[in-house]
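You will see two complexes here that share chain A, one where it goes with chain B and one where it goes with chain C.
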Partner chain A sequence: MASSSLLPHSLLSLPTASSRFPKSSLTISSISFSLNQVSITRTGSVAFQPLVRRGRESTFGIARAGETGEETPAETGGDESTTETVEEESSVAVAVEEKPPKKPIVKLNEIIGILNKKAIEEAETIKVVPDIKPGDIVEIKKEKANRRRLALYKGIVISKSSSGVHTTIRIRYMTSGTAVEIVFPVYSPKIKEIKVVSHRDVRRAKLYYLREKLPRFYTFKKK
Partner chain B sequence: MAARFLSKSSSGSSLLGALGTSLVGVGSVARQTTSKLTYSDIFFQQQRTFVQMGTKLKVVDNSGAKRVMCIQALKSKKGAKLGDIIIGSVKEAQPRGKVKKGDVVYGVVVRAAMQRGRCDGSHVRFDDNAVVLVNKQGEPIGTRVFGPVPHELRKKKHVKILALAEHIA
Partner chain C sequence: MAAASRGRALLSRLFLFQSSLNASPKCPALSIYSRNFSADPLPDYASESGAGASRIIEAKSGVMAPDSRRTGAIGIKCGMTALWDKWGERIPISVLWLDDNVVTQVKTVEKEGFFALQVGAGQKKEKHLTKPELGHFRAMGVPLKRKLKEFPVTEDALLPVGTPISVRHFLPGQYVDVTAISRGKGFQGGMKRWGFKGMPASHGASLSHRSIGSTGQRDAPGKVFKGKKMPGRMGGEQTTVKNVWIYKIEPARNLMWVKGQVPGPEGSFVFIKDACYKKPDKSLLPFPTFFIPDGEETESLEPIVADLGDNDPFMAGD
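This part shows the complex of A and B:
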């Protein structure tokens, strides 16, 4: 058994992308981290311990007892020399029978991001959403409630609020002597087409100052 | 004249319980002036709220009235939104019209500075508050409507106003 005097800090050095499988019974078979304490168990035989999650790695593989044998010749040599760095022992030897590799664990804080991505992919099939920035002059074709002709809105984007699938843009335009501001959810299925017609150079992300300006800055002729 | 810096008020959460406009005393600003926005203007933020008692609205039909002051918003304790009916008192009227000054009339709010959410997730707001005078049955008194009107009127069964409108926002 390779004994290595382990220093506390060395335990925290994680290997890079490749996940290593622990050796069968040559070295420390498992290290479990709990808060700040580190407990090391050395076992001669294969032991089962709960899986420890890491912040960096998103995929884990459960070590197979059978596979470790192939890796050991290469790794033991390296391990003897580098007693300081400890292999990542989070993937643990399991019981004797082989299990299929576990699917990647989805962390709770990633779920919303994944759902949003899925929803955006679904919405992209209806129309392609271009990259919109404040200052763009944009034409939007939207389906009305009674589903007849498509309504056409042409105005300047004065703000964009990004939040996944409910990304909204606020369009300001002038009709018949009155200014109108409409907030459109960009990935809505009711919006059939968004087209960036032109762009105006602005030095702001939110162009609320246009409300105080002359109407000619937000008046656009349709066609 | 300080320029009013309008804050984008999210419909709902920021207006809960705020019945009056939280405005530091600033005189009314002509819409068309281009004034330089100074640092002090940021403090003159205005929350757009409901059309309630005392709100002066523009009349956008040819019924003869010019300005109307809301004396009661039917249907809601907080106030009227886009598409609601209000009772108003005519404050200013053209000399020969169907209504004269001092009349108590019903009106449909066709443009509101407070944004109104639609069921598809979009919001709409106009730059002024405007009303179309109707009778008790909901039919417009005038024969023309000026300016854009919103879709919301269809759901509220003000179909005649929609038919007369120049532009449906």
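This part shows the complex of A and C:
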């Protein structure tokens, strides 16, 4: 089953049955290692609990916990058992450290976000999209049908709707006595240039109140 | 199940016995008949009688006949977005993820009476499955799946158990029918559920702006007909959206971009089949499914986009 395998070059990795089984078996084997240690070392010592707890928390912590636990009650038990357990711990530590770090599993609700990021990266190669906020006065150059000269729109951004690659901004401007509002998808390939000319301080995210205001607030001269 | 098959087998033996009385007696029939009353395990009647020899299904590509039907696949709806194609036209997109589709059971005429393939998708832990479900997967020797769905096929489209069905089973540019359980809308009125027009908002209409109005005639028939469209629970039932166009396919992650809407909420299972109305070109589809050729690295494959032709739709003057 070659489907949905791990990708080498990105963090994205979709869970597979094959990738899950070895992971679970590895954790089980690590727990069994710690249990083996416990059975060999002397019971009833203070070191018993820290050994077991450390083993369950992280596989890399087994060796360190075992060594610190062994040093404190050195009177009880013989030196042979101490050296045995230290050797086992070191061998276990080596075996455990060789395990590669866990690759992050991608959840289903993150897939669309990842795909949108990729699509935005592709769209950024056509043009660099600046950071746009409501209240910015922008100039947009858009390609028209039949690939004639680019049309220029200059207006104030009255709203921004963020939706990944389909982020849109709403521009309001006045042309020949008519107020016009246009919605532009920011990452569309037909929009060749977006430039923030200036900014007006506003205290709103959506400037729909401009519709009731005087036209001079959304009239801009095109040079 | 075993008892029923034994009953059928017994009946078939009785018929054979009758025929053996009329025609020349067949030694195997008599020996089988005598063995019915022993403690020995039931013999394999199918192989001994010679009819319906065990079917061998091979995983190799074939030619699609005009009346062939191939399997579908199970996908998970990831969400919706919008993309722009190479001409700059905006396409609304639903993203479907074909997560580890594997053939889990083959149904044939000899045993079940029809030809079908049961496909499983997703992964499931052993502790989350009931014992009958677990036994089914163990008996077939397939990994534990989250969703099973049966797709009726023709005899030439059968696949062996364990065959993976990747997203390359479908072609970008083909049309598919997508079936899923739609979003539940709860208890809804006539206007939303059935598209009734309602009543005027003013001009004296009293307390009935969104009601369903009259429900029938008078004394004849004196009742409301069954099936009268009335308010009730809407949604949450199986719906099929037909002729959905596949825009893009990514074999590395088993993702499929389709145009438009697909029933159901995000995270729900959808069942994808070849369209029945806008039929795809039979010679281009991988039949019975797409088998990964040796030496091909699926991870390094680029996404495949549908062929949009050479004519720019925005160049109207030409």
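Assume the second predicted complex is superposed on the first by the 119 of 223 C-alpha atoms of A that agree within 3 Å, B and C clash if a C-alpha of one lies under 4 Å from a C-alpha of the other, contacts with A are read in each partner's own complex, and residues count from 1 in each chain.
In the analysis below, a contact is a pair of C-beta atoms (placed from the backbone, for glycine too) under 8 Å apart; a residue touches a chain by one contact, two chains touch by 3 or more.
A quick note: this is a predicted structure, and the numbers were derived from the prediction, not measured.
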Which superposed partner A:T125 touches (first chain B, second chain C, both, neither): neither
Partner chain in contact with A:S159 - chain B first, chain C second, else both or neither: first
Touching partner for A:A145 - first (chain B), second (chain C), both, neither: both
Contacts of A:K190 with chain B and chain C, given as first, second, both or neither: both
Touched partner set for A:I182, first chain B, second chain C, both or neither: first
First (chain B), second (chain C), both or neither touched by A:Y208: first
Overlap of the chain B and chain C footprints on chain A, listed as residue numbers: 145-146, 166, 185, 188, 190
In the complex with chain C, residue positions of chain A that touch it: 1-5, 7-8, 12, 14-17, 20, 108-109, 111-112, 115-116, 119, 143, 145-147, 163-166, 185, 188-190
Residue ranges of chain B touching chain A (in the complex, touch as defined): 3-6, 8, 29, 32-35, 37, 111, 115, 120-128, 130, 146-148, 151, 154, 166-169
Complex contacts: residues of chain C adjacent to chain A: 76, 78-84, 88, 90, 95, 97-102, 123, 143-144, 164, 166-167, 252-255, 266-267, 292, 298-299, 314-317
Chain B-touching residues of chain A, taken from the complex the two chains share: 144-146, 151, 159, 166, 168, 170, 175-185, 188, 190, 206, 208-209, 211-215
